[in-house]
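Only one structure is covered here, and it is reproduced in the block below.
A, B, C and D label the chains in the order they appear, each numbered from 1.
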Amino acid sequence: MAGTHANPRGLSVRQFKAILKKDIVMELRTKEMITSMGIYALLTMVIYQIALSQAGTAFDPRNIAAGLLWLAFVFTSMLGLNRSLVHEKDQGCLEALLLSPVDRPVIFFAKATGNLIFLLIVQALTIPVFAFLFLQQGTYAGDLWMIPLVLTMGSIGIAGVGTLLATMSVNTKGKDFVLAVLFVPIMYPLLLAAVSATTAAVLGGDGYVQQFWSGMGLMAAFDAIMLLAAFALYEFIVGA
Amino acid sequence: MSVGEKRFLGLGLYTWIYITLGLAAVLTTAALTMTFFFTPVVLADTVVDELRVIGGVPIQNQLLFSQKIFYFHVPVAMSSFLVFIFTALNGVRFLIKKEKIYDTKARIATEVTLLFVLLTMATGILWTRYEWGTWWVWEPRLTTYFILTLMVIGYFVLRNSIDDEERRATYAAAFGIIAFINAPISFAITRLVPSSAHPVVFRAGGGLISSQLIAFFLGMAGMLLFAWSVYQIRLREQDITDRVEVAKAALEE
Amino acid sequence: MSESKESPGTNAVEVRSLTRTFGIRKALNDVTFDLPAGAFLSVFGPNGAGKTTLVKVLTTLMAPSKGTARVAGMDVVADAVELRSHIGLISHNPLLYPDLSAAENLEFFAEMYGVPDASTRVRELLEAVELDHRRLDLVRTFSRGMLQRLSIARALLHRPEVLFLDEPYSGLDPHAVDILDNLIAQIRADHTFVMISHDLAKGLSLCTHTLIMARGRVVLAEEISAVKRDEFAQLYRSTVGMGVA
Amino acid sequence: MDPVLQEIYRTVLDGAPFVLGAYFLLWLGLFGYAFMITKRLKGVEKELAVIEESVSRRGAPNS
């Protein structure tokens, strides 16, 4: 579909920056994604309280803290991903983007980077609230610096594959549902590794450093493979 | 693009479908019979010709049966994955050539995958119930198949939620490819991530003796033939449905 | 890819047996026509005639199944990326971000096209479409007519040679129609136009060339001076199937 | 039948016949499905024949 002719590198960088800047300016103006994702995350916390209400005092929420956190992130990120692509569809703007002399992967990387930034912001807001609500008792046993690392590594995969899948689901009937059906099974391996690494970071314990790094390695492998696939497929998806 | 007129070795497609279906029936029956009635049991890595009863208690009686699953369940599981390759392959061909036939082929391949994946789940669940006394275990292979099932279902949900034919085909092709890449990653990560709850229980045994290999290969060949037949029948049916539509459109003009 | 550029005065659009099929459906069936540079082509046809598909192929958004098309001397497949800098689209959709201001929208698209000295160009265009006083207002607050003016400014940012208009008049109030008429008259001289329209009177009053399509095929491709008015109306009625005065 | 297996089924694995039966049912289901789609294929073939006939019948006077 695209020509063999490639853009000069300088233009691609300019275009990447322009799309990213546009998304950030729009978000700062409307705060649509961040507020909706943030409030959604808070609601999840309420649900967790209900879920844990009968667990008894002997139960230490730290044991499942990592799982709960990533669960919240999965649902909030689906909400955000959907929003970010709905913007593009609304007034046919995506078509206008496609009409400009831009290499399709530039659109992909710019949108994915924007989504990554918003995800990280929401996570940075959610984690203290989560810790405040659920992790008061008991001490933090792992290494604190591990948390941002694992969050970033996980979010890269979520933003990358999520942007591809959301570009599809935004063109379907029942956008949100379709995104969930596609997104969750594809994200399964990443989330499994992410929860393992995050648990190591939160709980510490025997060999936690090794568990953390093996989880990180698996996530990195997932991110690399899936980003490559998404990068290769985006051109077909966005043009269809 | 008709499938029906192709001939191979002087025989039409129909004859071939009947032959392969019949063969598949014979082979799978043979494999099942051999497995349950003739193939000796395997105890861990060694073959036993006799029942070991020590102190009145049969040792490792669970393992006695565990190899039996190998001959029916594993061919089914492997077939499902092999058929899924065709989903991805035809997806790639579609994205390159943009011809509808590849989309149809990918879709039918995914249908057959769904059939086999469900069958894998069914035979797997039976086995966990019998072997471990529980209906479901989050064991790497079962988990991977669970995810695979969800992805295949997702594939059809995606298709059903798009009206434009070409967009539907493109998205389905892309998702088929992503899902295909994801399946082995899921399996690898399920195995590699340390899990406190369930250790890896299920590994294929070491040495197989010849009669076991024969049963396995019979089962495998039977399942693949069966998959091929179903794929061809469905493809032909689709092709004819399309042609009926063309004819109807022509009549209405 | 500049070796394929042609000297001025030749055809701006050359379409040769263009076919676009998917399965049994033929959105475009062996479409062939030429359009000289500087001409204004009006494309008519009922819904599903393939007008939109034709424009999508000519604007590189869709690849043809068979046949070739050249726009501004460039092949729509082989020179797609290069070609995109030479064409503009004005659609019934504004193709603008509602949460950006008028100036931000234009600046964004100027970046996408790599327009040199973007801020001067944006100011110049905002003045041309008489929106410079609202340049800082969000597009969300604009009326339909203002949106369409801004949308024209967006399409002209990178000084395209060929402009595609996809039912630009639909949904416009009479005042906005006047403004759009004026704008098109202003840029008429140095652009080639391809317009899809359901409005026969409007389409005919503007065009130098006309193309009627039905079921993916070309029914008529003629210079307007060569077309007899009542014959045309007759043909239009029979293919488009709507009452024509 | 393998005598060792017979012994095992009788003494140790008394649930074996159920598993066997379940597998057999699944096997039957598979071939039942194959039979079903073959029948359906026959059905659409008939429909095609009918329609193609009427196409050629209607096409004849015109051309």
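In this section, contacts are C-beta pairs under 8 Å (C-beta built on N, C-alpha and C of every residue); 3 or more make two chains touch, one makes a residue touch a chain.
None of these values were measured; they are calculated from a predicted model.
K.L.:
Looking at B-C and A-C, which pair shares more C-beta contacts?
P.N.:
Looking at B-C and A-C side by side, A-C shows more C-beta contacts.
K.L.:
Taking every chain's C-alpha mean, which one sits closest to the mean of all protein C-alpha atoms?
P.N.:
If one averages C-alpha positions chain by chain, the most central is A.
K.L.:
In angstrom, rounded to a whole number, how far apart do the mean CA points of chain C and chain D lie?
P.N.:
Whole-Å distance between the two chain centres: 55.
K.L.:
How many angstrom between the C-alpha centroids of chain C and chain B?
P.N.:
The computed centroid separation for chain B versus chain C comes out at 51 Å.
K.L.:
Cα centroid separation between chain A and chain C, in whole Å?
P.N.:
Roughly 38 Å, centre to centre.
K.L.:
Can you work out the whole-Å distance between the CA centroids of chain A and chain B?
P.N.:
32
K.L.:
Using the touch rule from the top of the page, what residues of chain B touch 2 or more other chains?
P.N.:
Touching at least two other chains: 166.
K.L.:
Which residues of chain C are in contact with two or more other chains?
P.N.:
In chain C, the residues touching two or more other chains are 63.
K.L.:
Spell out, as numbers or ranges, the residues of chain D touching 2 or more other chains.
P.N.:
Not one residue in chain D touches at least two other chains.
K.L.:
Pull out all the chain pairs that touch, please.
P.N.:
Chains touch in the following pairs: A-B, A-C, B-C, B-D.
K.L.:
Under the definition above, what is the set of chain B residues touching chain C in their complex?
P.N.:
98, 100, 165-166, 169, 242, 245-246, 249
K.L.:
In the complex formed with chain A, which residues of chain C make contact?
P.N.:
Per the touch definition, chain C meets chain A at residues 1, 59-63, 77-85, 87-89, 91, 93-100, 104, 108-109, 111-114, 138, 154.
K.L.:
State the interface residues of chain B toward chain D in the complex, per the touch definition above.
P.N.:
17, 21, 25, 28-29, 32, 36-41, 48-51, 58, 61, 64-65, 68, 72, 115, 119, 122-123, 126-127, 130, 226, 229-230, 233-234, 236-237, 240-241, 243-244, 247-248, 250-251
K.L.:
For the complex, give me every residue of chain A touching chain C.
P.N.:
Interface residues on the chain A side: 1-7, 11, 14-15, 17-19, 21-22, 25-26, 29-30, 87, 90-93, 95-103, 239.
K.L.:
Inside the complex, what are the residues of chain B that reach chain A?
P.N.:
95, 147, 150-151, 153-154, 157-158, 161-163, 166-167, 170-171, 173-175, 177-179, 181-182, 185-186, 188-190, 192-195
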